[in-house]
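Same chain, two partners: chain A is paired with chain B first, then with chain C.
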Partner chain A sequence: MEKKSRRSFVKALGVSIGAAGVVGGSSILNSCTQVASTNSDTITLLTSSGELVKVDKSQLKPADLPSLSENQKRGREGLPGRKFVMVIDLSKCRNARQCMKACQNHHQLRPEQHHINVLQMQDAENTAPYYMPKPCQHCDNPPCTKVCPVNATFKREDGIVLIDNERCIGCRFCIAACPYSARVFNWFEPRDAEKYEGVTYNIEANVPQKKGTISKCLFSADRLRDGKLPSCVSACPNGVYWFGDQNEDAVTNGTTHETTSFSKLIKDNAAYTLMEELGTKPRVYYLPPKDRAFPFQGEIDQHHS
Partner chain B sequence: MKKQIILTLVIALMSVSQGFAQEWLVPDDQKTLTNPSEYNLSNVKKGKDLYIKNCKSCHGDPGKHNGLPLVPAPPDVVSEKMQNNTDGELHFKITKGRGGMPQFEGTISDDDRWRLINFIRNFDPSREQLLVDAPPKKAKLLASVNEVEKKVEIFAEVESANGSFVTLTDATVKISAKKAFGNLPIGEVLTNADGRAEYKIPETLIGDENGMVNIVVQLDEAYVTDNVVLDAAKVGQLKPQPKLIKKEILWSTNENIQTWLLLSYLGAVGAAWAAIAYVVFQIFKIWRLGKE
Partner chain C sequence: MDKVKSPEESRKLLDKITFDLTRSIVKRDEFTNFWYFLLIIFALVGLWGWGIQIRDGLGVTGMRDYVSWGMYIANFVFFVAVSLIGFLISSALHLLKIKWSKVISRVAEQVAIAAVALAGIIIVTDMGRPDRFLNVFLHGRFASPIIWDVTVVTTYLTISVLLYYLPLIPDLALLRDKGTDDIPQWKRNIYRILALGWKGHAEQYKIVAHAMRILMILIIPVGLSIHTVTSWLFAATLRSGWDTTIFGPYFVAGAFVAGVAAVIIVMFLYRTRYGLKDYFEDYHFNMMGKLFVLVCLVYLYFNINEFLVPGYKMKTAESIHLSNLFTGKYSTMFWATQFFGLLLPITLMVNKYFRRPVPITIISVFVLIASWFKRYIIVIPTLEHPFLPVQNVPENFQHYAPTSIELMITIFSFMAALLIITVLAKMFPVITIWEYAEEKGISREIISEPKK
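Take a look at the complex of A and B:
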């Protein structure tokens, strides 16, 4: 009983405390993982760095957790003035699959569900095979959003295509419409469903996932709001991903954190987009797998005979 | 059952250790190659730039042993594991790569690969280090933006032997612009004999919605100084903000429907109902005529 009340207490407060004197340097503790004991005036909290600190109760104030409806509203609007773009350098990919792992952790995906998937490609019989990470292409002319009968999936002004799991009725029209097979369906209870019980739904992360609805790559819109790079981009150990704002004409590499001009990068390397003949206008650009840093080590079936 | 599990474990372990413990064999003719690139300051410096760009993300800073925790671990440049290689072995390994180590055959030229080895050898304990990594000197950096002439004015001083600050000449000052996820390098200037430098901001630089740019000015790594961040200087072009979503283009739902589509749909529905009503009315009329 006591345990339950503790948990709900932390959940309700989402504790954020001003404890400048207690924890040297950082003035705000915003992620307390556990409440150890409660007194009348002070409360002992475990900080994210593993220290126990005593904090006066009066210093605690509830964090600004946006409600579901606010979340959905701001999730539809997007970040003002931005137009996010991703560049994937195929010459750097060696199938480390850290992007997929980070993505599945972030978006509560089962092992067989992929917002981003690293594919083994071979364009023609005699050409060299290569690895190709394939996220949602966040098309500027998306076929998927147009077929949704309930306006659950939509395109934002900052370029991102999102889905609202609260609205989705699971008809899977969008899966049929998407030429890139970028969408996944929650056929089963999502991974770690019990862990996310009672968590407010975040439209910018599709968390918690809902059985019987669609989920898709979101460019980690919740992380972008905090000024961080998407999970897959930050997780890559090989410098495959560049991500940035097309309006600013700058993209940043997730591994080296080097920033460069977007237009120069795609021009110098003869970048291309996938299936541009469909008129979807993708926001994900690929740099060709030329001068590869790693040899291809997978096996590829010969479908070209 | 238990035996089986243990057996599979042993086999799995063996194969894993075999995979990693395998010697990285270098052909004999490669092993004995000597470095054609001369061991001098300029080559070592070039090697250092190459190292920072291509190797540092895994091997870490030389001497700090902060490489990525990969298996097998990428050795630090100063480590014996690295330095016990002959020049030829290093060259072969950089060229061909193996497992987690990329092959740089196609991405770094042969000359530059040898320069990288020049840089690695700079950390050879049996050799006297060249002054590439002289202890960083304390420096002061002042900068301001001239919004009218669109240039950055820089003044740099360095701590001299007796502790006082004197003007810093011939130092590279890097200028970059803050972007959404990092700093975009836009140019470099050298300080003159007075320790001053001017950098003309390119016309093409894009700022935010109001043309404001956050400019970061920094000295190269040989000096310890705080980077100067010049907040919101009106020197850039206005950030273009083309509308991405045209109104009424996504029309599966009422909210985004196009007017012509809505009208023709409602018209068709109305016409269908009118036709039905007409038929019903005619039947009613016939029924009434029949009654008379």
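Take a look at the complex of A and C:
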């Protein structure tokens, strides 16, 4: 790589690393994992999107790492005064799966592990099939946190359901309890385990993942703390996701960055929640898959209920 | 109680009873060694499998994100079920003043202790992080049915051990004082210690009787709880096939079926191996057979409720689950468990012929195997059909098939349970000697008098 272009690349990256701020929190050292020092000028780092990059050492700032216990404490409390909410516009989803990809990179997930999964749905025999992104529903009456024997998974003040994989005993009762199949388990060593070795655990991203523990969608709580939208919301190219704060009654579209009234959005579009009859009170709302200007190209899987 | 005998007659009879009932303790032949060898080898193979699982993660099992509970949980439920027989025979029947069950109560407690101890171990093998087991006590949340289960299972184990040990104390003293020389010295040393200086005073008998009565009453709610709470691990979820209100009594009824079968098998093995034909009489098998039919009928009633009612309505999610059981992938297993586990024992054992020792033991073996598969059918099919479609995952996430590691650990659990039962039978009399002697009209003074 030519020297000039490399430097500009690094500068651009410096911004994006800071912006991603994923693995640890807000600082560069925190968000990247050092893999190996190549020479005195550059250092190889792992970005939050899972890529290895070389960064000039002069670009690095000392990290302001919260300690593990501090991180776990603030991770359990959540962001004061907030009530996070997500709206998924099914009429827009074209199965681009950028959300799934971004999520798996952010949360150190194997290809078969989904915090968010785009499902091909058909409600009845003759109704139109559609794509349905399905993150954790962050229920206000969560069946999963109720059954946890050790309080490893919990509901925060701001509405997010989190998992502490430093506490989880791996009984998988929460998987059995969740009607949305939203939870995954680390059956083996997690993806890129060696790259993440020694990184301080960040409860709000559930990274590094640990073998024998549960993982789940966290609405990218670490990004929310930095005032950013969740990974999946930002990654969507089709304007499917709206994310925001119910207390402010405002949601922002991850693609267009347009902000609108949450209550008006769900009212005007006849939003619904998944399996509302179960009484779980989800914090994820769906706008019906109507007026779609593109064809459904998937194969409807017969393996569903 | 038979008519009072003369002291000489009594002493002679007591010697004979003691001789017969210590045969299991004295007897050690090649078969004993082979049996121990077999149990220990298989148990070690299972432990080796567990070692691999701890090293590589639970991924070595057939479980994945959708079917996230598999054979371990089914096996756990099975062992909890079998353990419930201790409560039925040595407490419920005792309190109802049913005499014939007295001679069986120690067998029932042996089975209960072995089963509940293994249930506790199996659940640890199912944990993703067994190293964090203590978190259950450090961070336990009483809203979780798992904590209820841990509480009642440990309580049940404690009470069962006490129910086994308390009536054993006079026996231990008796063996300490009158044990023949062919009992190994180290066993007699253990008897001396465990007998806690028992002298056979009326006051001591009174304390034991009193304590037993308290324990027998205490174990009723605890016994009912262990299997009810175990059923709630499933019934507390929203899934079709588990989301039902009769799971508590349904599990308890099923537990009695499995437990009666297990006790009959153990009784038969003791009877033939240790020459106890005069103790575990045909009469006892006959009565156990009647009890067997009764518990099977109750269980049948719950099965009809559990399957007919949702089957009549066929709600969307329920219908997928039920067709899978009735005509689908699990139909062979389902109908086999219903046939061998319920219909066959009921229809055969209403005839006296089939309540004789050999036929009833053969039936019991079938019922016990069917009981195990019944738990498999309760746990796994439900998880294969969640509410939302299973997509974007590898094929092996969609269906569950146990792996060899799971089989190894499951076989370990059986071998370890049999090992506990065997060790108990080789260490202590399998029937309460003093109680039996009293039944035969031998006075307590003679039972507790020291050897001449």
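Here is the rule we use: the second predicted complex is superposed on the first by the 238 of 305 C-alpha atoms of A that agree within 3 Å, B and C clash if a C-alpha of one lies under 4 Å from a C-alpha of the other, contacts with A are read in each partner's own complex, and residues count from 1 in each chain.
In this text, contacts are C-beta pairs under 8 Å (C-beta built on N, C-alpha and C of every residue); 3 or more make two chains touch, one makes a residue touch a chain.
What you are looking at is a predicted structure, and each value in this text was computed from that prediction instead of being measured.
Once chain A is used to superpose the two complexes, chain B occupies space that clashes with chain C. Once the two complexes are laid over each other on the shared chain, residue contacts for A:191 go to neither chain B nor chain C. When the shared chain is aligned, chain B comes close enough to touch A:259, but chain C does not. Of the two partner chains, chain C is the only one touched by A:118; chain B is not. Residue contacts after overlaying the shared chain place A:147 against chain B and chain C alike. Once the two complexes are laid over each other on the shared chain, residue contacts for A:243 go to chain B alone; chain C is not touched.
When the shared chain is aligned, chain B comes close enough to touch A:227, but chain C does not. When the two complexes are overlaid on their common chain A, residue A:101 makes contact with neither chain B nor chain C.
Within the three-chain superposition, the chain C stretch that clashes with chain B turns out to be 203-211, the only such case among 5-13, 23-31 or 203-211. In the superposition on chain A, the residues of chain A contacting both chain B and chain C are 146-151.
The residues of chain B lying in touch with chain A in their complex are 53, 57-58, 68, 70, 97, 102-104, 106-107, 176, 179-185, 206, 208-209, 239-245, 250-253, 255-256. On the chain A side of its complex with chain B, the touching residues are 81-83, 91, 94, 140, 145-151, 154-159, 227, 229, 237-239, 243-245, 247-250, 252, 255-261, 290-295.
Residues 100, 112-114, 117-121, 134, 143, 146-152, 167-173, 175-177, 179-181, 183-189, 211-214, 275, 278, 301, 303-305 of chain A are the ones that touch chain C when the two sit in their complex. Of all residues in chain C, only 56-59, 61, 63-66, 68-69, 126-129, 132-133, 135-136, 138-141, 143-147, 150, 233-234, 236-240, 316-317, 320, 383, 385-394, 397-398 touch chain A in the complex they form.
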